[in-house]
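Letters are used for the chains, namely A, B, C, D and E, taken in the order the chains are written, and counting of residues starts over at 1 for each.
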Amino acid sequence: MTVLLRVEGVSKVFGGLRAVDEMDLSVPAGTVFGVIGPNGSGKTTFLGLLSGTHKADGGRITLEGQRIDGLAAHLTVRAGIARTFQTTRLFAGWTLGANLAAAARPGSPPPDDVLALTGLTARTGQVCASLSNAEQRLAMIAVALATRPKLLLLDEPAVGMSPPEAASLSRTIARIRDELGLSVLIVEHNMHLMMNLADRIVAMNAGRKLAEGTPGEIRSNPDVIASYLGT
Amino acid sequence: MKGAWPYVGIAVVTLAMWALLVSVNAFYAGVLASILIWTVATSGLNVIAGLGGYPSLVQGAFYGIGAYASALALIHGQNLWVATLLAVVSAGLAGLLIGLVFARTRGQYFGMGTLFFGVVVALVLTNWTGLTQGPLGLMVPFGFATNDQLDWIVPLSAGASLALVQALGTSRLGLRLVTVRADEDLAEHIGVPTARTKLAGLVISAMIGGFAGMLIAQYNGTISPDLFDQTVGFVMFVAVAVGGAGRVLGPLVGSAFIVGVPDVLNLPSGIGLLVVGVIFVVIVIVVPDGLMGGVDAIRRRLPGFRA
Amino acid sequence: MQARTAAKTIAGAALGVAMATLLAARPAAAQDKTVTMGAILPLSGLFSTLGPPERDAMQMAVTKINGGGGFEVGGQKYKLALKVLDDESTAATVGIAAFRQLVQVDNVPVLVLADNTRNYASLLQRFPLPLLNILDSTYPSILDVDKHVFLLRSDTPAYVPGAVWYLANVLHKKRIAWIGSAADPYSTGIETWVKKAAAEYGVEVVADVNYPPGTTNFSPFIQTAMAAKPDAIYLGGVTQEVLPVAKQLFQAGIRDLPVFHNSGATPTQAKQIIGDDLYNDVMATNYDFAGTLPETSDNPATKTFYKDFLAQYKEYPDDLTMWAYDAPYVLIGAMQKAGSVTDREKIYQAMLTQTVPAETISGWMPAEGGKLFHGRDAQTLSEGVRWCTATKTIAPAFLYFMDGLKVTDQKLIANGCGG
Amino acid sequence: MLQQALVNGVVLGALFALLGVGLTLVYGVMEVPNFAQAGVVTIGAYIMVTLHQSARWPFYLAVAGGVLAAGAISVATERFAYRYVRTRPLAAPAVALGLLLILDNSALELWGGDHVSLTPPYGAGLVQLGGMTIPAVGVALVLTAAVSMLLLWLLLTRTGIGRAIRAVSQNAEAAATLGIELERQYVTAFFISGVLAGLAAFAYAPTYAVFPYMADGVIFNGFVVVILGGLGNVWGAAVGGILLGLVESLSAVYVSAAYQTVIGFVVLLAVIVLRPAGLFAGTARRVA
Amino acid sequence: MALLDIAGVSVRFGNVPALRGVSLSVDAGEAVAVLGANGAGKTTLLRAIMGRVPIDTGTLTLDGAAIGGMRTSGLVDRGLSLCPEGRQLFPAMSVEDNLLLGANRAAIRVARARLATIYERFPWLRERRRVLAGAFSGGEQQIVAIGRALMAAPRLLLLDEPSSGLSPVAIGRVRELLGQVRETGTAILLVEQNVQLAAVMTGRGYVLNRGTIAASGETAALVDSEALADAYLGGTA
């Protein structure tokens, strides 16, 4: 299995807080990789380091062997990493079609394909602000796909979704992996979704990697349980 | 053909302005010429503040730099072509400088930074008496062959500036600027090189502002620092905001309102500014979502983003 | 949003139509037999102490002329009207618009102008007409701006050297500190002649300080000037610049040196700008040298003007008001000589050669052949005044005429205050 | 010469500090760059002149009237304008400049453009200090600034009102959670800032002239002070004010009087460039 | 009659539902836990009670009187006090100033008296009353924050994740402190992710999962329940 993303000893310090501390990670091509951890364990910051939102204070990040740490966000996107956000981030006043157009670049998949994959074909002419929460979250994924990524970073994609909506999201993510062959790195609190979707999971605590393994291994890992339930 | 209609509209407006300019008496012609020259300057501002959503309060300084550069070139015996080129280039360089200095500031801080820059430029124009004659002002040699040439050059320039912004709005740079206005972080994360986009927008704004400066210097025949101080930069911003930031005809409507109404009503400049202040504060407060936050509906109206 | 844009477009169009309608509705000026004299004066802003009295004086003359049945040109009777526009002390913006209004729209035959004449040069070339200036006194003189410019007053060299002469020969001062306004051409003109005169009369200019435009805190400039240990202070600029400096000099404890200037400040202005409680003390050491004052004239017509003006406007008339009062008579004289009330070129030619109009009160010193203008400037005697603390007003101290840097016709008035 | 320049610098700096403190207080609680404070200074000064010279009120009573009026006008700007843009920080500077246009030009229309003067009883006084002669009005300015800042400091650190204002400026949501009424703190901060503007008018008008744009130039210096001292930091503003006053006064004498103000702005630009958004956003806001 | 009664409360942020029909109650002097994973809506629940976020539907009653839509200041006056998540101290102010701000609704004399009581009970705070709050470690800040919340002399203390981000030692100190608070008869509504702490501190509790109450009962029983496992780690199904 080829390694798409490799993270080696990456750290990020805010003030005196080590938000991400010496993280190591390898994401193989064509997998869904889950990141879990309690609040404040550094998951979103870690995602930000991968997407160029933050600059790492140490370590290296490579995508297909190319260093991407230190790149500005738009260059990270060009290198092949697209992301979504915890709170909905779309050009809310524009139509979904206009959002996709803004993200498109040469070689991007046709908007119709992206829309079909996310189940939003009927919504293309609609202003994003008028979409439902679940649709907006899918729209974010559609926009990210429109940038022609190799790695898709999803930050809590299921926030506010009902169980059926979350299940549908789960299927969409699986298709992105299976049909487009992308890797997906996903941070999510909906453990149900995570346990069923992810190929592998890394658990973080206090900015560090606590454990890594299959969902089953993670669920039964005593360190992980302790980190959630307290001592 | 659909894409050509806006230009046809702009051409019709330009012709109408020209017809009005040559048919009314000198007083109204003067008011109209001022409006049209302001339209050029505020169209420039419309690029960074309208399309890009960056509250630049420094357009008055670009306008001034263009005016002084062209005047000085003419005083030193250059022809109008050279003077105009110098006006555009020097204002563009000032825009580049400001863009580099304030590249990483946003929102309020960009506004305040540009405001202070405007203050500095006004102070330099006032105090560098060796070059600018200070508050006394410079007499500007007339660069056109006849006085009547201005009667068509001014409306034509206004029309051209509107058309330029229309074209920019549908260009790749224009679309990128619009994404910066809508959500700069998101723009960056869908691959828009935001820093370069803003810089380009500011430089284009500055260059158009500099061109307008050449026009006002020619039209007035004399220039002084108070034509270009920080209040002017702010009022230009108000004109764009009142007319509708990011809308192609916004600068014309806004300039007609801000420059034309006080002039036609013959208000003393104090009352004029008082009225401008009241209008602006009321508009900012009353218009939902605010002017600088951006009215969503405006974005939808932009070419390429039609609902 | 579509609707709003449409509404705005319609509003814009309506504005245009309204303009056109207003234009069509304007009555043609030629039908009623009135000649409009246009003037651009600083009624507000930095030079606002200067404009209003000039406007009032001109209005007095116009009222008097019309009260006497108007005037006759080429067998036709005319009334005179006065239209004064405020340049708000900013010629380059407001003044230019006023110029276009008066010259292009109102078609005035002659324009009376106050400050910043240079700003109108480009427009004057495009729309030539005779221009009478009652205020601008600069160095180099504004007469070189355009051949159409006439100066209805004595220029800087006609009064500034007399002030220095007085400092040297009457007050016996030897060390002048100059504090002027860096960007005010009036101040710069005075500075030039103070230096020329100082060199001539053996006085030293020990400090040469100019503050930038818009200064409100003069302490660093006062400090620099005082560091040179002067025995007299010469202030450049107009009333609104000079009096605040005088006040801050006083507040800084500089109270026994004579303070010279050429501001023409009246007691009313001193009281307003310096403040009730302080102005008499501040002004005590002040000397102001400019044209003669109507109050001290021997001419009965001038005395009448002085009394009428004081009664009507409750303000002390200065030299500028006399020149302003005479401006309408100068215009009528030129129109009568030209035989036209509209032909700007003919009136210009007549202006160059006309003699001193009989009704004028300024005490013009005519040029060769009784002509009003020596070339293009008219001249009067000059006068220095000092402050009288007992009466809180000014009184003449010195009457003189300059022939180059030589003081001629001088007359010292020792007991001006005691009179 | 140097000594005199230092004294001038302190006098000038006291004025900058007095304005800067009011600006920083308002910025601290509401993130509004209150350019309109220059207009409050102007109108306060005109009201003092009118009460003293036209209505013939005793000087100090007229000053008290002007100071309170300035406080009221400042509160009015909050009630009628700023409160509507509280959640829209982008609109704040624009509203501030709009209000400045309104206030300055209202003064122009109400009182005309002529320079007028406010003369205190000690207007002619001189103070001898260490072999130097200092105008009493300058001493009064420094004393006014020192006393008002001391009182402000006591108010902010020793009273419940002050604690509440500081709490809001450090963490508005936490303060609201404790039951502190934010609206009231905004009004209080604007009132205090208006009173400080009134005191600045009182301290400033006797030396300089009263006219509609009298404070427009100084207010920019006030902002330089605010940014130098750290936004929302009252002591920072006080120290920054004196510092800027000295820099400007010394550069007026030794460098160029004409570019005295430009030098202040260059300092500011340097700060903005070296710490973009940082001075505003990065550091924890604190008042006092 | 319960001290606090919440019935069918829903809260939305835009079109994102955060709470859906939550009902729970706290009796006078009782300590009740709300357990749940990140994003379950726990903080939103407390902020809704404190009047910091508007509720969409449902009722809030305190002592039988409706308090929905009431201003925070009025709720503090009626005996509610929130110790927020992440402490939210005023970092540039002294411990004493922070504490006094907790009693901002009371007259200064009353506030001083409460301060004396708090100092007496927690001498540690008195020793550090001049220190700036920003200078403390997380655990120490939590103690100041609880002290500040107590300065309002609440009948019901709302605690939002007091253990979050703290070391085991610090959590022990917080537990000790809360034990003392319990003894004074103040009712507590404790929102926690750390179920061990909740089990020690409270008798009864609720499990909040994705905005709804998934289970309720004795805290000790909830800790081992399927519902909690599901809420935390996605369960087995």
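Criterion: a contact is a pair of C-beta atoms (placed from the backbone, for glycine too) under 8 Å apart; a residue touches a chain by one contact, two chains touch by 3 or more.
Bear in mind that the values here come from a model prediction, so they are computed numbers and not experimental data.
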Fewest hops from chain A to chain C - one hop per pair of touching chains: 2
Contacts common to chain B and chain E (chain labels): A, D
Chain C to chain D, fewest steps along touching chains: 1
Between A-B and B-D, the pair with more C-beta contacts: B-D
Rounded Å distance, chain A centre to chain E centre (Cα mean): 32
Mean-CA-position distance for chain C and chain B (Å): 37
CA centroid of chain A to CA centroid of chain D, Å: 49
Between chain E and chain D, distance of the C-alpha-averaged centres to the nearest whole Å: 42
Set of chain E residues in contact with two or more other chains: none
Multi-chain contact sites of chain D, meaning residues that touch two or more partners: 113, 258
Touching two or more other chains - residue numbers and ranges from chain B: 127, 270, 297, 300
Pairs of chains satisfying the touch condition: A-B, A-E, B-C, B-D, C-D, D-E
Residues of chain E that touch chain D when the two form their complex: 50, 52, 71-73, 75-77, 82, 84, 88-93, 97, 100-102, 104-105, 108, 111, 134, 148, 152
Chain A - residues contacting chain B, complex: 51-53, 72-75, 77-78, 82-83, 85, 89-95, 98, 101-103, 105, 125, 127, 129, 143-144, 146-147
Interface residues, chain E side, partner chain A - complex: 14-18, 37-39, 161, 163-165, 168, 171, 192-197, 210, 223, 230-235, 237
Touching residues on chain A, where the partner in the complex is chain E: 38-40, 88, 132-133, 136, 156, 159-160, 189-196, 219, 224-225, 228-231
For the chain D and chain B complex, residues of the former touching the latter: 31, 33, 81, 84-85, 88-95, 97-102, 104-106, 108-109, 113, 212, 220, 223, 258-259, 261-262, 265-266, 268-269, 272-273, 276-277, 280
